[in-house]
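Each structure below appears as structure tokens.
Below are two complexes that have subunit A in common, paired first with subunit B and then with subunit C.
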Partner chain A sequence: MNNGTPTASKPRSAARSITVRIKRCDGPGKPARFESFKVPVEPGANIISVLQWIAAHPTTDGGQRTTPPVWDSGCLEEVCGACTMVINGKVRQSCSALIDDLAPAEGDTITLEPMTKFPVMRDLMVDRSRLFHNLRRVKAWVPIDGTYNQGSGPRESPEKQEVRYTLSTCMSCGCCLEACPQFTPEPDPAAWNTSFIGAHAISQARLFNLHDTGKELATQRLDALSGPGGVSDCGNAQNCVKVCPKKIPLTESIAAMGRAVTLHGVKRFFGVKD
Partner chain B sequence: MADKRVIVVGGGLAGLAATVRITESGLPVDLFSVVPVKRSHSVCAQGGINACNEVARQQGYSEYEHFDETIYGGDFLADQPPVFEMTHFAPKIIDLLDRMGVPFNRTPEGFRDLRLFGGSLYKRTHFAGATTGQQLLYALDEQVRRREDEGRVTKYEHWEFLRPIIEGQGDQARCVGIVAQDLRTMQIRAFRAEAVVMATGGCGLVFGKSTNSIVCTGAAAARCYRHGVWYANGEFIQVHPTAIPGADKCRLMSESARGEGGRVWVPRRQSDTRHPNDIPAGERWYFLEEKYPKYGNLVPRDIATREIFKVCMDGMGVGGGNQVYLDLTHLPASTLHKLDGILEIYSKFVGDDPHKVPMKIFPAVHYSMGGLWTRHVPKADHRGLEPGNPGQMMTNIGGLYAFGEVNFAYHGANRLGANALLSCIFDGLFCGQSVANFVRDNAPTGATPQALLDAAVADESARQDRLIRGPEGGGSDPNDNAYLIAREMGEEMTAASTVVKTAARLQQALTKIAALKARYARLRLDDTAMWTNQSLAFARATGDMLLLAESILLTGLARKESRGSHYREDFPDRNDADFLRTSVSKFDAAGGTHQLSYQEVDTALVKPRVRNYGKVESTAKSAAPARQPALT
Partner chain C sequence: MTTNESFMQRNYFLLRRLHSLTGVMPIGVFLLFHLTTNASIVWGMLDSREGATALERGVRTFQAEVDFIHSTPFLLLVEVFGLWLPIAFHSLLGVYYARTGRPNTGAYPYQANWRYTLQRTSGYIGILFIFYHVATLRWGWTWMVPGGVEWKHNFAASTMAQILRGGDEWTAAGAAVSAAYFVCVSMLVFHFANGLWTSAITWGLTISARAQKQWGYVCAGVGAALMLAGWASVLGFATIDPVKAREIELRHAAGKGGAAEVLPAPKP
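And now, the complex of A and B:
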């Protein structure tokens, strides 16, 4: 006997074809080019399933054999942040980008490009090391003594948990950085510590300053956010909050940390501890 | 210990917890991962993490009860001392995660909130919304980043493990390092270490579409297996009852949906075409609640999956198809709020609002109970493990450990929901100490001849060249590639070796895998670039997945009984006399064959008993019970 195949849960459209334009690049410093593919799509298809099909059938719509496109992906359910790219000009996760929404009619075209703020490794894949580095700048962790048993953590109200949980769903995808006019490409890692840190890291600083043990490092986080590339570099374009797939209140975080940095500066001026 | 190092392969919960504990003992760690560790598959875990707690304790629950549930849930196949230790250690893990800042849901007074989960009658699952795995992973990721900042951890992200380097034979075999490849520059090189921890997760991709992430190929485990590490209980693959099928993967709809009161049903009348909200309660068949009055929708996953599967095979699925309703529409907004994480996934990917209409779900491959064989050292009375003993969760190769889903140790023939996060972190913390002690007690590997390392690198380079150039003498099919082979493998494995298995179907699948292996041997890559070559990495993994698939089919064929997730239609009963045993596969590299043997299970504490969760008969035609099951 065979184990059954599941019934497609959303037969919104019949099987059909679309055109997918992919910005290709063989490696850092290499020229970019576009390649188009004609792809049959099943109901419920997303960008990932389309890319998987192209990888298995790497022939352009002009009939030319090419290499399978390179792209980043992980969980495919918009919780790991890996598969961020620019789809029809908009930065987002490709797993939750459904073909029926993007290209509803037969023959419609979808354009896929890599994010522009990070170095392209190849095709749609970029190197987001700087994003993770910036989490180190704000010491985005709780400084516990160690992992040996010491009893439970601090009690917390449901209201505060709600705030922290929302901030803690940031999956380091990079959408807020791609959309930010102040966050510009910086290929030199030596300059990362003084270039704009980005909404995601500012919001993480707020997350850890809210925790009873995490706030032990609050002064160091505010020092980091006071310097060059800190919170005052934010130009208040508010693009970050509009593109955040997890609806994290990034502009609230920036405002909160901006106030904290100002207060921190005043206290420092008068020699008062935080 | 300045010149001694430990390698951890895999940056999910098990690998990160191990990294933190090992660095705490003073040893530097080299952490390898194919993805930035913050994107590891643990991020997908939703429902929660189990541990006895003060509320449940005062209702009659205990760590021992958690232990007994886990053993019963696993159909008695798990060795009991590791499970005893894990369940008794569990409350400490919750406290630690709490100190790390995990935003666990809270009661109005500020204590950690709890939810009900499968296989238990007590609330003993701690959770952070419906993205608990993500929150736990982030907490450990943050602690590892802190140690990276202090220079105690070196991360090798976007590096792929290719094989262990093993010195000596038999009892003297010792792992002295690994071969790994930088997935950007494609450089292959050897890394020396005093001990290596494999924490590389499961093998969902062997079954094509599963709930797993794209990296869960099982290739790392298969590469260990290829080089002499034993593989245990591979035939036990968990098929989760509630997932939403998609074009690229099956997305999990957490067991917490049922833990918070969600109900599974189908219309009593076959091919009832009415909208679900128009079908009155009396005309709905809540088959899990009717068949299992005590546990209801929260029977363990293997049972729920078989029941859902049977309903669909009998033509009673929604619209006559392979789907049933998972209904949350009756739950209050405050309860649904705790499930936001998964409800968002459902509405984003399916387009329907689960607050208003029942979700349509079907089972999907989810977790591997089996994995690399590991030893354990019990206490004299078998009530737990000897803390710090270097043997805990070490494979048959000295100094090579396996933690988390990649080992076979805790879940027997079926894992209970919310025990996976627990076993991963338990391994990392409790057995991480064993790794540190092993390094302390054993001679350093500095004396290992460089030639051994060089030979391993040369061997992997040759394997790669073969894929790039194609077979000796040509003969490759220009229209074939690893993506096509992997797809066929996944479809075959899902069809033959998941919810229901028979000897004939497993044999047929073995023939198919042999044909795919022959095609694989003739592969030649389209992409020969030596820069960020994803198709090379995938093609290599496909060869390893085929090996694992074959082993899974062979052990499934040999286990002529039904136990937990392994259901043989031709042998429908559990057979303790012959099969209350761990299956152990050993790969004979010279002959390319799998050698299967069995080991006794340590059942010192709980004697095997009938496992039916109080099942009674119910059919779609039986009258609906007057009693509404209590919802929590």
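And now, the complex of A and C:
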């Protein structure tokens, strides 16, 4: 019936209202509560713009004056990972979560919660220190620091670049950890070295082991991945690859590092150096 | 506890891989043989060898399989080191590892995530079932069997039928045992098939998503075939008449000259 009409001309209601339920928490260890806000939304609005409106008008739908909600965000284009939160029960970035998709009709409700695997600092803001700690466990970097110029690095084949490029798009957002049944909250930093390291760190270990200079640390990375909390702790639920916003083949990385630690283990068993 | 933990930590990788290995070999391979053997109560009916009726062919073929197994030298040693210890090891570590996870199929109801959860559930149930199964049929803990029947390897099919019925006739408790066998055997077959799939990832045999998917089809095929064998076994034993089966087994034993002779020669 829309013969010749471009789909872009689909009429959008100019101004409508939705309800946003936010899990509030005043600080670390404080009790959580839900607060609902009635928010007018423009076409094309995202969760961040809705949060900004609520912060400017911090009155609940019951007319109660409250504090402006706190959240974390940075790039607003789904490359920094800072604004990751649980939206309608699923983890994702709030900047790329559009209201028109999540709450298309007048009066629809959107529920916002902080990630559950990291300690809540306040409201929707969490402390992701453990995520970065786990990257340090596998030395997820290329060792180039030294007292003299080491010259240019080795050339990389386009094939290898292709594999590594996808892995390098990881933005440490934490989606894979939030959705992982094997990555559980661990408030004690002393236990972080033996609790499950997570898909992101396993994939980054693969990225840097594939790098010709990065692989100088390959043995240390494989030692870390062989030990407690390493790649063996993966339970193959494969939620990580489903929720990864960058479509990183995390389960392939896990299997690849599984193979690497198998060979590493066999070599170590027979006393062969890598 | 502390020394225990440090032992676990020091040998973490080895224990993890032994846990994976024992699941496939010997336990998985045994399950393959065990269910194929037990299903002989059904596929034996197609056997063209001795037996006027389908029941007779089924009972005789199964009895011949059991006789063969019981002719194994040092059977108890094979059982202890080839089965019971590996199963105990796989079970203990499995529970330890499973307790580190928190299933979340509610929020993330993906197929692989459901299998993750079911792998753990079937493991817990499987441990209880295997214990019951071995204790009642091998160790003679007949107080756990409705009707108190003891499994006898010379009367393999008839005593099994009694155990699944609660006696020569069906009882409610016997039906519950049959239902439990059906569910638990299904759970264990799933556990093996899914474990076969995950072990290929664990060891790094299947890396690409495509390889994992294709190996998944193979594992599903193995699982489906084994599931049929498991169902045939449970339903086969539950539906045969223990009294008639016992008569066949008596004739079978009488017709057997020595242990070497497996089945009487076909009639001319």
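One rule holds in what follows: the second predicted complex is superposed on the first by the 254 of 274 C-alpha atoms of A that agree within 3 Å, B and C clash if a C-alpha of one lies under 4 Å from a C-alpha of the other, contacts with A are read in each partner's own complex, and residues count from 1 in each chain.
By definition in this document, a contact is a pair of C-beta atoms (placed from the backbone, for glycine too) under 8 Å apart; a residue touches a chain by one contact, two chains touch by 3 or more.
Since this is a predicted model, take the numbers as computed values, not measurements.
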Partner chain in contact with A:153 - subunit B first, subunit C second, else both or neither: first
Larger contact residue set on subunit A - subunit B or subunit C: B
Contacts of A:242 with subunit B and subunit C, given as first, second, both or neither: second
First (subunit B), second (subunit C), both or neither touched by A:262: second
Touched partner set for A:271, first subunit B, second subunit C, both or neither: neither
Partner chain(s) touched by A:75 [first = subunit B, second = subunit C, both, neither]: first
Partner chain(s) touched by A:29 [first = subunit B, second = subunit C, both, neither]: neither
In the complex, subunit A residues that touch subunit C: 89-90, 179, 181-182, 184, 194, 196, 226-228, 230, 232-239, 241-243, 249, 251-252, 254-263, 265
Footprint of subunit A on subunit B - complex, ascending: 17, 20-21, 24, 35-36, 38-41, 43-44, 92, 94-96, 98-101, 103-112, 128-129, 131, 134-135, 138-139, 142-143, 145-146, 148-149, 184, 213-215, 244-252, 309, 312-313, 317-319, 321-323, 341, 345, 348-352, 360, 362, 364, 429, 481, 483-484, 487, 494-496, 498-500, 502, 505, 526-527, 529, 531-535, 569
Residues of subunit C touching subunit A in the complex: 8-9, 12-14, 16-17, 97, 100-104, 107-108, 110, 112-113, 115-117, 119, 197-198, 201-209, 212
Subunit A residues touching subunit B - in the complex, by the definition given at the top: 1-10, 12, 26-27, 41-46, 48-49, 52, 55-56, 58, 65-68, 70-71, 73-82, 95-96, 98, 121-122, 125, 127-128, 132, 135-136, 139-144, 146-147, 149-153, 155-158, 161, 164-165, 168-169, 171-172, 208, 211, 213-214
